[in-house]
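You will see two complexes here that share subunit A, one where it goes with subunit B and one where it goes with subunit C.
On to the complex of A and B.
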């Protein structure tokens, strides 16, 4: 099998698994317990948390470990007191939470960028949080978070001058950025940031929310007061240890990995563009993740292509995995202005640490072959 | 080349149906019927996985695949019917209505309009021209659910797995074809309700009042129920009327909102040698009086010999009571059968052939 759906899930790195193993059995202690063996586990968790904090330029106390990105996002968006502004190409967890809170959803242009002036006017005094994804999970388009942070700062300054007391925070879901982009929260200018271990060769159901010191959030889960009172429950020791190891590996190889992935993406893109005359690459050429290549062939059923490629040993996605399962057109591609035919004929190839040039060479040929074969069926879903 | 539209649900039976027809040289089109389903809280489309499973098989077989959207019609014809029947105190069978109205009604019409010569489904049944025949496997036979289809629809339908003897055989053949659904678990319960109980489902649509549970023999009130419509004739569980021998529902009065129970399985009305059914439906020709047929009162129930006599309009008319509808008949059973809840169906067979049947009044 050639696995090219790393944006949906990444295989756990063996080194991550090895780091986690002792904490399942021998080092099983509750980090809150008083005896020395438990204190050692407590210290290991603290070291792991410190390591996660360091990678994003934060302090340990600013790292809230959660059960994945969806929970982090729910905590961030529900934890503030006020309305939420977000964009039309966010993950379902952002849009669903924002919707439940009566948020404003900003449109994007064909490159996935929001208009900064529209953003400015959407941030009324009722707004407490702006949430913008860093790397779009479906296309790999990168948002200019720094520019958005500057707008948010302007408004904050303005509020202060006018004596408006409601705080305003910027949250980014950086799940698809780990190992690919700079995650330094100060350089990005974010107050809250979501990361997901399951997208960077760590365990699933482990994530974090960076909460800048001084921000008061309302917890979703209360109890023993762990995670700075924001996420009660005995620490997910194996998860935290694995997450830290995964992030360390991703960050230490980031430079070379980005170059390698960019070359693979280029190899794939050139081949497809050359052999599929009516292909449309859905990307922001200036700012795109090197790990994701999304393309459309109008008139071809993307889901058929996925199933047919699966039979030939290549695993890719159409739309985002969730959207395809629901038999719905991807809201992200629709928001980017793709026609229905382009959205229905879209394929996402997402590469990762274990993708080789040989994989891409074989997959390229199979993609061209399958797209050509499936053309005759058109798009037949009602 | 004969063009066949196969109703593909994403299960192994309809997957194999499509594969067999491709092998037999038909021009096959796979169709997923999108029927109405209730959204669970926070969950949008419980049908999506089944649709994907069906489509994956279609791609494997290299055939076109379409989705026919019958959500609105299904809600009206099947779901609303079911709710209405329960409200009236009867116990309907939505699967029978689904076959009559949706699969062998709407789907057949839509397929023919789209260019199909025939349709096919994964039912365990067989056909011969316009005759509907029981499946080769008595245990899997699904004709109980099919007695309300028309002969003209049967004539346009292929049932390729009607000759399979066991589910294992079906699964083995599906695996041989490399179908991804070969080992998929069977669906259970009423499809559109999903995982909630019928009681919880109905509660959302029907307003109910608590009432008394009354022992038939003594007239003693044994307990309270939360709505007579939730109780079905013959039902044993869920009465909450204390320990000891089990109680069975032997009747109810919707107007008084009372449910009658008894411990005595030989209680009045529990075993019958005559059953009156109305809303008759015949696939081709009706049965004739005097001849011995076989009947079945539930899916997979053993067949019982019976003769029929049609009830003429206004016969037995008693003052103050409504006349028995002219389209009803009386089944005279060779051996007494446990009484059947009003709303349930009785199906009449002539040997292998399904003649049709009616609904218990």
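On to the complex of A and C.
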């Protein structure tokens, strides 16, 4: 099988599993226990946290380990005291949380960009948080987080001058950015950032929320007071150890991986554009993740393409996995202005650490074959 | 080292790790994805969920997988619409959540039992949830959940007659009961039940909340709508597979383990009572977990005993790990009516699957030695 759905899930890197192994059955101690062996585990957790912090340019105390990106996002968006502004192409968890709070959802253009002046107008004095994804999970389109941070800073300055006391924070879901983009929180200008170990060859069900020092969030889960009081429950020792290892690997190979993935993406894109008439590449040519190629062929049924490719040994996605599961048309592609036929005929190819040029060569040909065949059938009931 | 702190953390059973291994790097797929390999993972998750459900006498749709007992408890207590009644000897997460909602905290007697008539009076028409732990984590004292369920049922019947519409539920935190007590939800008469994989030789940071069909809870974490909409986020595949295996092992060996642990506990208790003058066993002789022996020696410092035993190769706890970490006197022992000196001089020995009679023999002697030595020092600053 050729796995090209790395945006949905990444296999755990063997080096990550190796780092975690001692902590399952040998160093399994509760890090809060008083004896030496437990204190050693406590120290190992602290070292891993420090390593995660360093990679994003933060301090250890600013790293809150969670059970994944969805929890991090819920903690960030529900933790603030005030309204939320976000965009129409965010992950379900951002949109669901924002909507539950009466949030403002900004439209995007066909390149997935929000209009900075519209953003400025949307940030009324009731707004406490702006949440904008860094890399879009379906198309790989990259938001200009720094430009958004500058708008947020302007408004903060203005509030200060006017004596408006409500703090204003910028959160980004960077789940798809690890190993591909710069995650330095100061350079990005973010106050809160979500990362997901399960999307970067680390353990599933492990995430983090970066919380800039001085920000007071309301916790979702209370009890023992772990994770700076923001996330109670015995620390996830294997999770944090594996997450740190995964991020170290992702960061240390980032430069070469980006080049390698960009070459694979070009190889795939060139072949598909040459061989599929009327193909539409859903991308922001200037700012796109090298790991994701999303395209539409109006008139074919994306789900049928996925099934037919699966039979021939290629695993890809249509829409997001969650949306696909519910038989819904991707809200992201609709928000980008795709027609229903284009959204229904969309395929996401997401490459990763273990994708080779040979994989892409074989997959390209199979995609072209399957799309040509499916074109003859047309769409059943869209 | 002789590990006698199984109530704080259990080592993962190798059979559990073996069951999980394929899902880390090979069958790592997102269970929501459309291709066959992912649907197989989806099916494996469903099988594991069914197995967990069967063990507690529930249906698959009633099992909500969480990231541990603390999250399950927060979901149960925050998910209902109304006040909460609980007891003074619950885990921090129950007390913190209940207090944040203005809950009523009932006192217990020296055997850790609540008075059923006081419970009845405390359940006013504003109350939506009664939360009582099944096995106390510090002493092993067992609550009569069935008797409490009968009171709750009486009040439900009375509410129905009087036309009071607020539902009333009974939640139990059964984290320390797996592998030791009957977990059948119908026999217990509970509507909600928390279990923790990390306390029964399964993976850490994995728990479940049993939610009886028909109960509507407000989720803590929203997004993709996984876990019946009660806990969004990509399913924890390795976690649920490991949890199911752990519970299957715990349940299949329960009968013989209870006998074996009870014998070990008797062996330890007899030796300590014989050799430590003025020792006080903190237990409910009629209803106590065979895995936990908690005792007090007024005048010694529990923390010093823990450190001295650690140096000689025995790992035990004083108070709960969380409380110990914060240098607090255990709220549980105080609620049981222990004097400050007794609480400060308390030690919890918790045995488990890998504890042998030789371990207990050696540990008994070392505990007696250390306690005698520490008696000479007395307490520093209690």
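Quick note on the criterion: the second predicted complex is superposed on the first by the 381 of 382 C-alpha atoms of A that agree within 3 Å, B and C clash if a C-alpha of one lies under 4 Å from a C-alpha of the other, contacts with A are read in each partner's own complex, and residues count from 1 in each chain.
Here is the rule we use: a residue touches a chain if its C-beta (ideal position, glycine included) is under 8 Å from a C-beta of that chain, and two chains touch if they have at least 3 such contacts.
Note that the structure is predicted; figures quoted are calculated from it, not measured.
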Of subunit C and subunit B, partner touching more subunit A residues: C
First, second, both or neither for A:341, with subunit B first and subunit C second: neither
First, second, both or neither for A:368, with subunit B first and subunit C second: neither
Partner chain(s) touched by A:36 [first = subunit B, second = subunit C, both, neither]: second
First, second, both or neither for A:304, with subunit B first and subunit C second: first
On subunit A, the residue positions that both subunit B and subunit C contact, one per complex: 303, 307, 310, 324-326
Complex contacts: residues of subunit A adjacent to subunit B: 303-304, 307-308, 310-311, 324-328, 374, 377, 380-382
Subunit C to subunit A touching residues, read off their complex: 1, 5, 8-14, 17, 24-26, 28-30, 32-38, 66-71, 73-74, 91-94, 96-97, 100, 198, 203-206, 220-225, 232-234, 236-239, 303, 306-307, 309-310, 315-318, 321-322, 324-326
Contact footprint of subunit A on subunit B as seen in their complex: 34, 44-45, 47-49, 51-52, 55-56, 59-60, 64-69
